[in-house]
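Multiple structures follow.
Same chain, two partners: chain A is paired with chain B first, then with chain C.
Showing the complex of A and B:
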């Protein structure tokens, strides 16, 4: 298994930069290439938002090897922060985004610190329970929306130095979601080769080696968990503006299953894996929908079957066939 | 507000928590496995019971048997599919796979049973026992008796019989147990089938108390999980004590503080405990 591919010096850095640039330009104009309809824009915006959401889980699952079942909590924190602060205090997008990041960091630090000394699966259990409890609070606490949620979130505004950007339609939201996706991809790419990223992988793959080098796996888990939270949080933040509505349904297990499936479908530890996985799954649900209940069966089966039969995902499957 | 009535309510609630948690306690404690489809299995058990009584017209005891049979078969299927992950003790993947299966069960049940809330008709759950200022139903008595009997039986089986030590040997080290001629696969299969039938029985007994929905899933049994962790992962006596204790806590908190936030309060209790004793109450 290729786990850490050593960063071989790229023979042609210019070519590499050019292909990344082409990828970005192509990605940006993709909705127009697909016809420029509002369906194309909204589907691609959803894919970008959901992909960012999945990257939060990806960091924990792929590089730490732990399962966080509480990322819907951060997803909802982003949505509720955007909804409450923009409707009640008229704050702009920058402020709500900052609040999202701060709240997610605080929540993740608290949850991670409390579970610091627990066994591995207790961590998953507690994160799961945290999301369920947060759901109950969001459902019952009328001051932050209650069971009805918050309707009528104003369009996203991001005032820049001289001008101001306002996203009233799906077409306007696309650039924001695309930039958020690019920033996330950049962050993950950096994280993979950062000290924390490699130490996390080492603690997962070879705990004995990590321990002999003085790595405390609990601290690594806490650090990675805290970093992952605002990624999913910011996706929730943008999702609130896209839907103009936030409610307790942000805690639905759909999002949790979606996050995990998108990561394992293509294969763990693949940079664009969650993006491709999200694109495939959202395309199935939006364009080839079989109805809500059947979509659940499809999503859940994909998750279970991939892990049972091809634990390395589509990438592993491809490698197995290409070797023959 | 009557304190004695709240104690009764607490025992009623707590025996329900403990009853639903039994399967998970065994799975986690005896076989060191996790099953995140537990909530959906509970839902399915309740709906099979409902279908058997309301649609097929079976009497209640037969409906319970039907629920246990359906879920045992499902458990056999699930565990056979996951056997490779179980034998390699790949808990990370097992957690995610069971979560996915739970999601499939949720979608499938909505297709079969429809999306409307249902209530289990029960003659016992309407038969009230009035003791002056106190009241409870015969269904509550049944749940309490069955729960205590089941816990006693399971404790005796795992701690005092040869089969029990075989199961515990497999939990310690499946590879080593196989060297001694134990078929670890069969043991895992049986433990998992037991988990599924226990949750079916729990659902058939406890679900008549409240309306059931195909989407209820894990939220409905979140207390189960608090019971399991509070009781000290897999300790049988610990789970029973934690279930009853949590029932009392929930009853009093709901009556005297805030009904809507009882789950949150139970969770806060759990977090506080995890900081003080990460391995649960029962351990030293």
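Showing the complex of A and C:
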């Protein structure tokens, strides 16, 4: 068997490291720069959470070339795990996060195994069906909240060795969401240069080459799908604490359309693509809202237009114009 | 006047403006688009009308009221964004809630910001359990009260011996059925429940269930069906086609305009109950109610329905509490409502339970002319 060497990440020059550091510091103080109001904090926290949610879908779309319509399932698993375990058993944030990761890995392993042989349309359909089934269960099963959902989720607590952290307000939640976003970005950046990331891309772009190199595409697909689930799941986990209420609406198409549009809007395999896409969409809905019906029409049209005319997203559009 | 003096005047005006009393902001968050859009617009319109009437009488605490209305799109995540916007705009009160999940998602956000929050329509019991908002106030009736009225009618007025349920299989339907059964026990009901048939919210074909019910031949069938634009009218039609002799007793609040519009005369004979009617006693004898009905009709060209009355009452209740306490503070205002009686609302004198629930006044009615939505009050 041929050993496929992954591209090792280029050694980071000092300037690059410094500019990344500057961006991180700037990002962290962004809500303060935007006035430091509770709306600035809550909007940016929401953007960070939604962006992390989108990165799960991004991994599947960018590296497997598949559209997962089932990631609302992992999003909901995170929310329901945080809500149920914190209200019923008083568990802290670390435990509910661990439970989220474990449950997402298990669910993704199962769903990934079931959809192993499916491609494209059928893959999308089966993942969507899984989300619909999960929705019906969540809606009808009173023990985990039923159609009314769960209220009274306590503030997020993350007891550390020496100190204890408790996030009661949007301002307190911002550092957590920011760190979660940074961790996700770091993970995705590493994943791009990992062996799995490289192989997944090859299996998608050139299956013949991958096969000739002894790559088992099914194993790669399963691994990528399983890795993507806890990313979206942890976003749902934090969302539960931000909103203090979790209900079957976690499965709503609002989140699904947000995930897909944010990923395709800027372009696939662009590291900050989903983050920029999410920020644009949330800003449109909150600052330049055209009213409920029109927002949906705009969102749906943008998704359709981008997919039809610029499948490479805003980045592809920019490249096309800059070449002229 | 030369340009400089003009400018100086303008600046002076600009400086004095903040010193003048600012308007009191009344926020509304209801679905204004999508399937529930028309319903949410009705409530919002009623709120605007009431605020207009208060302004015409000189406002509140010597200040004018303005309405800021927002669209929650029946989506909890959107409702949360709108609630945050209300905080940014420093609303003094927010009247909200058509869908329970949206209300439940917005409650903690508004409560944390210390904004007075009145739920107009959403019915979930969780809204008043105090976990998210210890100062919650709700105008619409609760499932528990609704069930008591229906159970009382079955046991004491109809004196039914054999009862069956045709129940929507979700928290709403099942919750209502178990509440009615609990009330049967309280009332020492001597008869029995002979059959329970269930269906899903989206169903439109009920012939299997109705055939079974016809076979059981109960005295009354208690129906919960919240799908008022398609499922319920279809059920009423099929009920008549199956020629079932049992009394059709509808859960509280299901007989909305759309049911009469679609199923017409097939509705004749249905018995149900609700908490507001523009054209039935006791509301036709209450001056506050008739004045509201007249003003609403003048402003919007149609009779106000229950949801309009709920929106109007929310404003009245809040405004009276503000007037009596001379305060806009959430705790002060809420304590003047919870467990107290507010006089002269469109629902008459409105009594509130200590948990913030308005005590409704039910009217049990029978449909006499379904085509024209003509009802007759019973008892």
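One rule holds for everything that comes next: the second predicted complex is superposed on the first by the 309 of 324 C-alpha atoms of A that agree within 3 Å, B and C clash if a C-alpha of one lies under 4 Å from a C-alpha of the other, contacts with A are read in each partner's own complex, and residues count from 1 in each chain.
Keep in mind that, in the parts below, contacts are C-beta pairs under 8 Å (C-beta built on N, C-alpha and C of every residue); 3 or more make two chains touch, one makes a residue touch a chain.
What you see is a predicted model, and the numbers here were worked out from it, not measured in a lab.
Legend: residue contacts after superposition of the two complexes on their common chain; A:293 is shown touching both chain B and chain C. Contacts of A:307 after superposition: chain B is touched, whereas chain C is not reached.
Judged by the touch definition given at the top, the superposed model places A:129 against chain B, while chain C stays out of reach.
Of the two partner chains, chain B is the only one touched by A:264; chain C is not. Of the two partners chain B and chain C, more residues of chain A are touched by B. In the superposition on chain A, A:283 contacts neither chain B nor chain C. Once chain A of one complex is fitted onto chain A of the other, the partner contacts of A:256 are limited to chain B, with no touch recorded for chain C. Legend: residue contacts after superposition of the two complexes on their common chain; A:140 is shown touching both chain B and chain C. Looking at chain A, you'll find residues 140, 292-293, 295-296 touch chain B in one structure and chain C in the other. By the touch criterion given at the top, residues 31-34, 37, 71, 73, 75-78, 80-81, 84-85, 87-88, 100-101, 104-105, 107-109, 112-113, 124-126, 129, 131-132, 169-172 of chain C touch chain A in their complex.
Against chain C, the residues of chain A that register as touching in their complex are 37-39, 42-43, 46, 139-140, 142, 146-149, 151-152, 168-169, 243-245, 247-249, 252, 254-255, 285-286, 291-293, 295-296. For chain A in complex with chain B, the residues that touch the partner chain are 61, 65-67, 69, 114-115, 117-122, 124-126, 128-130, 132-133, 135-137, 140, 253, 256-257, 260-261, 264, 292-297, 299-304, 307-308, 311.
Within the complex formed with chain A, the residues of chain B that make contact are 34, 36, 81-82, 84-85, 91-93, 95-97, 99-108, 110-111, 217-219, 222, 225-226, 229, 233, 260-261, 263-264, 267, 270-271, 274-275, 278-279.
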